[in-house]
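Each of the next two complexes has subunit A plus one other chain: subunit B in the first, subunit C in the second.
Up next is the complex of A and B:
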């Protein structure tokens, strides 16, 4: 049993790290634009398909396909923002969230219209896991883990060292003060949406690499992404990473304790507990 | 002239309103519905099923329809989801006022939709297999062309034993048939000295590594997969990664050509599959092949072809285009002797000539018990070899 628990922890950390990439996108958009973008699942699906096209039709290697997934989803995210969400900005966060949900459904069905319901697999060999005594870890998992860490590292560097990244943090911290300092809110919003959606697309592709691509690949992640962001504190970048890893581990360990069919309960229980005990989440003081 | 026209119009309108309802309805089209999964896990099957029904109806309409009335088809998507299926069924029943709904695929959808059908006197023909469906108090408003899961579970257990397995681990998502499928498989295995264990997983999970670890701790000599295509794809990948090299057995509807194209051959090589077999030498099967333009039509398209033919003939035999007529007359055209027919055109001609018909379709003889189950079915045993299904036998 201790071996089973340790193996579940390894699986959970890896699953959580991949989940952290779209969770970062979700929380970044919330931090700057103050609404939960529920199109994140469909955007992850866009990324999964874009990466798949890049890899199988254009013959791109994995890193280039991931860059394509990021770029295509950034564009899709901007289209969703300008066409569906922005016109409802004055109606408040709830309306913007509903608009994003609707836009997500449109995106998902547009993909279904274009690609059909068939499962798509990347042009990659499927390798057996490496075994270390009682434990095992997959080469693809390790690669995805490294790619997820690299994406998070680049985001951290972008937010810390680039002028635009600092402007995004400034708007997230204190919008009015940032405006007084001459930050262009429209530009910051556009960059945030592009980066947030792009991260969702990368996350969708990473999940697609580990499984397969179909029109629901991203939608299946939405609850876990949302639970991760709520647990970490909506709007908190480190919180999204910690929340995603915690959710990943909780979902895997729960399989050992409960009937695996009730995995979804984990996400709901976490959301309920956080909203009851610490509405700001683990790291999200400003969200309260 | 204007006054006369106005009077004439008023008179004609009044006469029309005063006429009996039946006179106005005469010649109005009869509406039928398909409720198949155009999206979701059943998405590979539903569109072909709906197109097959449309082709049969087009052919019948071109030959004059049923009882002198044209047939109008309304096709809705159940999204392989009971909630969406229920919404679509309400639309078919309340808005379109269809006489019958055909082709519900997932057992969860059929279970949700069935009460709505019998309460509204709408006939339901389904391809779902869960035992619980025909055990519902449907009072004759439902038939299915898919063998129930008692039979399918027993076949799985017997086949696992035949393959030399003694310890089976059954992995499936939560569905209305999971428990009965497992119980009947386990009973069949235990009768032959084997044993079986069940794990129900969450079908929306992107990775099932921990679940596969649970399975391997049982030390199975066969893993039986009871899910749909998307989750079985995830499961197969994780079984392969875990290094399991034992036998694998699954429903043929989940291990379909689309999955085989999406996964490397190493992952799928050797999987055994079981499926209710269409009647491959029948005239109905040849017609379905022609309609779908494919030499190997799936069992569900064959079954829904039978649904529409039976429904059309039952309305003709019952002399009415209603669900009630279909319910009361379907067994008079599906069984009990008479002129053998394999399509509605021949059947409608025979019925119009006053002859009794006995339909044998693309999926089988289509003889129904009082509960609505089929009384006879063959199974198709296949194995995946080099990325393709290879037929081992039909029995």
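Up next is the complex of A and C:
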């Protein structure tokens, strides 16, 4: 049992790190635009398919396919924002969230129409798991983990050192003051949507690499992404990472005790517990 | 030389609701003008109308003779007019250094040189450059807010109640810094509730009542005016300024 728990912890940290990528996209959009973008699941699916096309049809290596997934999803995210969400901006955050949910359904079914319902797999070599005593780790898992860490590192450097990243943080912190200092909030919002959606696409592809690609690959992640963002504190970048790792570990550990079919219950329980006990989440102040 | 001229400025938060009704004044380079008045007089609204946060219904704003009425905040910065709002005037989650860099957002190539100039003037900001702004005290935040505004090297600096919520000591220190900023050649317009101390630091004062110019003149003279003291300061009036510029109440 202790070995099973330790294996679940290893798997959970890896799964949580991958989940952190789309959770970062979700929370960045919330921080700057002040609404939860529930199209994030469908956007993750767009990324998974874009990466799959790049890898299998165009023969791109994994990093290049990941870049394609990011770019294609960034464009899809901007289309969702401008076509579905922005026209309802004056109606408030709830209407924008509902619009994003509807746009997600449209995207998901467009992908179903284009690619069908079959499971698709990336063109990957079959490799044996690495064994460390009682523990096993798949080389693909490790690669995905490393790619997720690299994506988070690049996002951190972008937000910390670039002029646009600093402007994004400034708008998220204090939109009115950012405007008074010359920042164009509309431009920052567009960049944030593109980056946030792009991260969701990368996350979708990383999950697809670990499992397979189908029209619901991203939709299945929405609850976990939302739970991670709520747990960390909506709008908090470090919170999204911590929340995602906690959700990843909790989902893996829950499988030890319950039927895997109940895995998704973890997300619901976490959301319920956080909203009841600490509405601001672990790191956030915005949600309170 | 007149750096800022406001002529007949009128406007408010709704089309039919004119909080500000034809306010006019000028501020010269190196001059500190304080605007005082009772709550609801329209002091902060004047600043919002001037900086493009609210659209004026009538009147003009001129910077160095060039009309800038109704320009967007970005264009106002480029013209040399910068506002420090009363509340939430720093980016709390950014470091002191990042806050200063944001003050030079439109001209990032000058950020390094400007930061050296601003931290020379406010050494506290250099000492705390890596600290998150939300961890600063109220007075330190106001200094950071001023430093951030000065990063773009404005010709005109607008301050909205910079001493609100500060201790008397911190307020006195801040007034001294505002005075020094004006003495460096910047035209400063300061809206204040802390009327007496503000007038002691200022060259001239403008009293607004119900959105209109009520009194205007040299700050020391207005600070001693019995009518002004009775109306806004709660004093007994008819006192005088001593050699240090401090108002002395009349002997009973």
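Miscellaneous remarks
Note that in this section the second predicted complex is superposed on the first by the 288 of 288 C-alpha atoms of A that agree within 3 Å, B and C clash if a C-alpha of one lies under 4 Å from a C-alpha of the other, contacts with A are read in each partner's own complex, and residues count from 1 in each chain.
The rule is short, and it goes like this: a residue touches a chain if its C-beta (ideal position, glycine included) is under 8 Å from a C-beta of that chain, and two chains touch if they have at least 3 such contacts.
Please read all numbers here as calculations on a predicted model, not as lab measurements.
By the touch criterion defined above, A:181 lies against subunit C but remains apart from subunit B after alignment on the C-alpha atoms of chain A. In the superposition on chain A, A:216 makes contact with subunit B only, while subunit C stays out of contact range. In the superposed model, A:173 makes contact with subunit C only, not with subunit B. More residues of subunit A lie in touch with B than with the remaining chain of the pair subunit B and subunit C. Touch criterion not met for A:110: it reaches neither subunit B nor subunit C.
When the two structures are aligned on the shared chain, A:119 is found in touch with subunit B, with no touch to subunit C. Look at A:102: by the touch rule set out above, it reaches neither subunit B nor subunit C. In the overlay built on the shared chain, the residue A:163 is in contact with subunit C alone; subunit B does not reach it. Of the two partner chains placed around the shared chain by superposition, subunit B is the only one that A:256 touches, whereas subunit C remains out of contact. Looking at the shared chain after the overlay, A:4 reaches subunit B, while subunit C stays out of its contact range.
Of all residues in subunit B, only 39-40, 43-44, 173-174, 199-202, 204-207, 209-211, 213-214, 217, 229-230, 233-234, 237, 240-243, 258-259, 261-264, 266-267 touch subunit A in the complex they form.
Residue ranges of subunit C in contact with subunit A, taken from their complex: 51, 53, 73-74, 77-78, 82-83, 85, 88-94, 98, 101-103, 105-106, 108, 148, 152. Within the complex, the subunit A residues that touch subunit C are 163, 166-167, 169-170, 172-174, 176-184. Note for the complex: subunit A touches subunit B at residues 4, 7-8, 11, 15, 112, 116-121, 125-129, 131, 136, 138, 140, 207, 210-212, 214-217, 220-221, 251-252, 255-256, 259-264.
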